[in-house]
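Naming follows writing order (A, B, C, D and E), and every chain is counted from residue 1.
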Amino acid sequence: MVLVLQLALAVVLLTAWQFLSPALDMVFFISTPQAIAESFIGLARSGSLLFHAGITTLEAGLGFLLGGGAGMFAGVLLGRNKLLSDVLQPFLTAFYSLPKAALGPLFILWFGIGLNMKILLAATIVFFIVFLNTFRGVREVSPEQIAILRLMNAKERHLLTKVILPSAIVWVFAGLRLSVPYALIGAIVGEIIASNRGLGYLLSYSASRFDTAGTFAALGAIVILALILNKILDISERRLMPWRVSDAGREIVV
Amino acid sequence: MSAIIVFQDVGKAFANGVQAVSGINLAVEEGDFITVVGPSGCGKSTILNMTAGLFQPSAGQVLYRGQPVTGINSRTGYMTQVDHLLPWRTVAGNIAVPLEIAGRGKKEIAGEVERLLALVGLVGFGASYPTQLSGGMRKRAALARLLAYDPETLLMDEPFGALDAQMRLTLQIQLKKLCRSLGKTVFFVTHDIDEAVALGDKCVVFTSRPGTIQQVITSSLPSERDLMTLRFNPAYAEECAQLWRILAPALEAQNSPQEA
Amino acid sequence: QQKVVFAFGSDGFLFLPYYVAVGAGYFEREGIKPELVVLNGGPLAMAAILSGDADVMGSGIHLNIEAQMRKQDVKAFAALVTHVPSQLIIQGDIAKKAGITEQTPIAERLKLLKGLRIGITGVGSSTDKFLRSMLNFVKIDPERDVTIVPMGTAAPLLAAFSQKRIDAYVFSSPTAETGRLKFGGATLVNLGSGEFEPLKDFLYNCLTARADWLKKNAETTRKIVRATTSALELIQKDPEAAQKAALPFFDKLDPALYKEAYRQSMSSYPLSPRIDEPGVEANYVFEEEAEGKRPNVDPKVLYTNDYIEPAKR
Amino acid sequence: MSAIIVFQDVGKAFANGVQAVSGINLAVEEGDFITVVGPSGCGKSTILNMTAGLFQPSAGQVLYRGQPVTGINSRTGYMTQVDHLLPWRTVAGNIAVPLEIAGRGKKEIAGEVERLLALVGLVGFGASYPTQLSGGMRKRAALARLLAYDPETLLMDEPFGALDAQMRLTLQIQLKKLCRSLGKTVFFVTHDIDEAVALGDKCVVFTSRPGTIQQVITSSLPSERDLMTLRFNPAYAEECAQLWRILAPALEAQNSPQEA
Amino acid sequence: MVLVLQLALAVVLLTAWQFLSPALDMVFFISTPQAIAESFIGLARSGSLLFHAGITTLEAGLGFLLGGGAGMFAGVLLGRNKLLSDVLQPFLTAFYSLPKAALGPLFILWFGIGLNMKILLAATIVFFIVFLNTFRGVREVSPEQIAILRLMNAKERHLLTKVILPSAIVWVFAGLRLSVPYALIGAIVGEIIASNRGLGYLLSYSASRFDTAGTFAALGAIVILALILNKILDISERRLMPWRVSDAGREIVV
């Protein structure tokens, strides 16, 4: 049912695009689904799509893991340490609000123009999103449950594994979900700054040649990557929260 | 016997200005089974919370083994009024928490959890999540969790309130037996006058808010009693009636219900 | 005073004639109040005039070819830069080791590029095309024998150059001079000087508007062209005055750098904004190389000199 | 009198396979005060949940005024076992919720809330948040919220469980009076045998899980009774003793505690 | 105490910057705090800082309100409507994961190069962040509380105002907090795409003149704006959640 509706919606959107684009004289800017599909298939056939997508996936994936991991760590650390978080909060906000693209030169100075730079750019963007959500999640943990466990002589490490992480995990995953596209965007911005491979390269290459179909084909590949990464998140979320699964089908009992 | 918990002129005013208790003086001897009764909102839970060190009194001090309680007092075990089970753990997982913290082995934990599940009548529900339990079952799971660790003092806030009479009687018997054999000190809040009389070596009666100690009744019943047959014991009936009479004036207090 | 919104695809010395015209008051004289919007690339500037929010765009004529191919009727009406203004800058130590001097023949110099990492602005951009043209000239395979790295804008490029992450780059002023003056780079080829024969005549930068806008604003267009002509003349005939006129727009630039950049790019500006066939044709060569076939667009529709003659009254 | 709630062969197996109740047949007459007792986990709350329409039985059907209950049954008011007060609203705000939903005016709501706060003995706590209340006070706030709206049937799941004896008695009296004067039907779950006998016109006794109706005892006490003096009424004492005896065999059932 | 530590940290960071920048020969790329401060003061004196910052604030502010409002609305709508959200979810993820900068030509084509374009760019970015967090927040609302209210005959609108919004508000604010910098970044990206005023213009103007001090002064202004907007959020959060305030100082009672 859901799938049928999704397909229907997709068909409607694509058809509208296919016909309105020439009708409104916008082929130059938005191409048509057909041309995009052809370009996409051409890229896929030649193997260059897989090549470029693979590189971007690698960069975004590593950036995601690095930034996400660091974000969770910092989120838990600062979430559990009021003084530290009070002191660091404006600094973090400040760094967070810097447009990352403006930091391009610095990233190049420090990390060169290779994979590292792109991974770190993606990681920086992911870091803040995951950090802020994790932080909020840790702050939302019920102080009562923490008190109860401390009465049982729980050390910080027990609190962490038994209360804080399970309780904050919804927040962490919300943060991860938010940052999936940003990991990709970070890698792609990095590739546009300095690269001769990756989907960002494909994107700017097509754009510079006014190959709108090619541009959209690259965008399509990015979207597909994002959907795949999201799916992976979905699955790991369900695995990490077994109590939620049993929640889903349960009767509401009051 | 030496005093394990001492309240010295303890008063507690909460941040919003509500004076929960005031002028509490009480010494609890090691191994005592103290029951606490009093009108709803008189500060019984507050007293337990301060004993557990969750917050400090705003006046006087609470001593535990002669030391003022200034932080979480992990020598006490606390079965709270609301169950506070971890929703992301199964019943067995919840009961295992204190055992895991104590660093017991997996096997040992599994065995201990089985034993405790049987003790509180939850065999077969080890793999259920708290949301899949009835109210009374959750209480029993919390009790099992309390019993899983081995604190020298048990703080129990209406532990049997949500249980049927039979289950309650059985668990009362188990608890009494356990405490006697291990020499635990118990601080037991209840609303059930019969239960207070049946279980307590001493029964502390609170006035309504701000709670003060109205009276401490030392039970005339022997420490070893047969709870099963207590119902038919005239001395018991007399003590219950006495407690009823003591608590009656509370009806006239400021906080009590008025005619609508 | 009539407001005209200019949309430039980039910023810097490529638009010096405009800045001189503003600074010297030529637009004011014509009764035009120019407003400048700098966009992040030529395609965006094209979008800006097509959306109607901007009146005149400044960018390369190859954009007009692309637009005409896709049935967007835009026309260039004034040339700003008629020689490639870019320079090929190389790490100084590499140049020194190879003993490059002013006298070294172009081909010798270009052979030095083999195996190097060379920065450009973006794939498919003009810097990319110029680089490939030079590499082809000495039969260096752009895909295999060198690594071409698109760097987007000047700052990341210079960062990479300063760290020797790239060995050379193709860029216009003042980025070219900066690498030389600040980071020990050396000019390997100055395309603007015409020393690289194949790119001697190349219409690089021009003003473009939608055909319907031109028709509706013929008088305004003439005024713009007149102002531009005056600026171009000043640049060649009185460099001191032209430099002074444009200074307010480059006052943040290191003065020495400004002087040097002006000196280096002067030769790229024409005396008249007239658009010449060979300069346009040179763009076709590049398009053909990129697309594999000559674009199916008549060069005549790309531009118009209609607004220039009257200005010469 | 006509049957307002009818259970026809009702059974409920939860998604995880636990059979909570089975084969329930019961007709509740309009204006009846039905008390329900049974061992913990036998499905009492489940029965109320189905009457409120929170979920469907997995076998048989529940009829309300002759119609099968298929969705939320908003003609019932439900005081749940756990209070479910809204933590972001003060006590007064919580009590006001049903009145706001009913679209009453601000003034009217304020007056009504004041009256109800007095009724349940929470005068002065209208501006407190639920976290600032004691367990019993939260229960009373939930009771006030239930009484704020005017459903024809009241479902009450251990409403007085966390209250002291005095408060409980007062509220029992209030409730009885209210129901009699307004002709409400009440479905009242309790663990307190004395309370079940004291309040109920009929008392439904459940077996342990899977819950079935073991017996329905129709009270021999008059519908108009003086709860204050009931303690000294021999007929009452006899009925309590009888109920004790009925519930005793449950001790042997599968779910009951075992010796540890 | 917190303030003292913050000041100390700021001083340490700035001093390190001031001395390391020339020592490591990086003045061209990262300037020095002193030069930046001078540039900042110069810009401020001339009034141009206020002018540009005002424009960026306007764009980011309107984008934030628009995107945040739409995000909340969509989050609540889809959070309450399982079918709709199931159907739309992949489409939203797809749109979300498109690099916004790659959509520049479309934005210009449809919304021009004026204020509108920048506001809408900021709004688009903010929308998804607020939407995703609001959605998750609405999904996390206790179904029990909803059931209880429905028993009281509550209509959807009552549920919304009495349960769903108060319960999801922590999530909404987490989303808003996450998106404050993105509103600014969106506006600035818009200004970089097509600039003749605003902090983004200042940024790219300085960058194209290698005026690093000016670039960092503009970045500094952006950071200050973000901090101010964050402060405003803090205050409104506290006002909208009075029950939290009484939470902060409360004793943990179990």
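Everything that follows uses one rule, which is that a residue touches a chain if its C-beta (ideal position, glycine included) is under 8 Å from a C-beta of that chain, and two chains touch if they have at least 3 such contacts.
Model, not experiment: these values are computed from the prediction.
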item: Co-neighbours of subunit E and subunit D - touch as defined; value: A, B
item: For subunit C, the least number of touch steps when starting out from subunit A; value: 1
item: Of A-D and C-E, whichever chain pair has more C-beta contact pairs; value: C-E
item: Rounded Å distance, subunit C centre to subunit E centre (Cα mean); value: 37
item: Inter-centroid spacing, subunit E versus subunit B (mean Cα positions, whole Å); value: 49
item: Chain centre separation (subunit A, subunit E; CA means) in Å; value: 17
item: Centre-of-Cα separation between subunit D and subunit C, whole angstrom; value: 84
item: Junction residues of subunit A, two or more chains touched; value: 29, 105-106, 109, 144, 147-148, 207, 246, 250, 252-254
item: Overlap residues in subunit B, where contacts from two or more other chains coincide; value: 14, 16, 45, 52, 54, 78, 80-82, 84, 132
item: Shared-contact residues (touching 2 or more other chains) in subunit C; value: 43, 47, 153, 155, 158-159, 162
item: Each pair of chains that touches, named by its two labels; value: A-B, A-C, A-D, A-E, B-D, B-E, C-E, D-E
item: Of all residues in subunit B, those that touch subunit A in their complex; value: 52, 54, 72-74, 76-78, 80, 84, 86-89, 97-98, 100-102, 129, 131-132, 149
item: Touching residues (chain side subunit E, partner subunit D) in the complex; value: 144-145, 147-155, 158, 162-163, 166-167, 241, 243, 246-247, 250, 253
item: Subunit D contact footprint on subunit B (complex, rising order); value: 14, 16, 18, 37-41, 43-45, 81-82, 115-116, 118-121, 123, 128, 132-137, 139-140, 157-158, 161-168, 170-171, 174, 191-193, 244, 247-248, 250-251, 255-258, 260
item: Complex contact set, residues of subunit E against subunit B; value: 246, 249-254
item: Subunit E - residues contacting subunit A, complex; value: 1-2, 5-6, 9-10, 26, 29-30, 83, 86-88, 90-91, 93-94, 96-102, 105-106, 109, 128-129, 132-133, 136, 140, 143-144, 147-148, 170-171, 174, 177-178, 180-181, 184-185, 188-189, 192, 203, 207, 215, 219, 222-223, 225-227, 230, 252-254
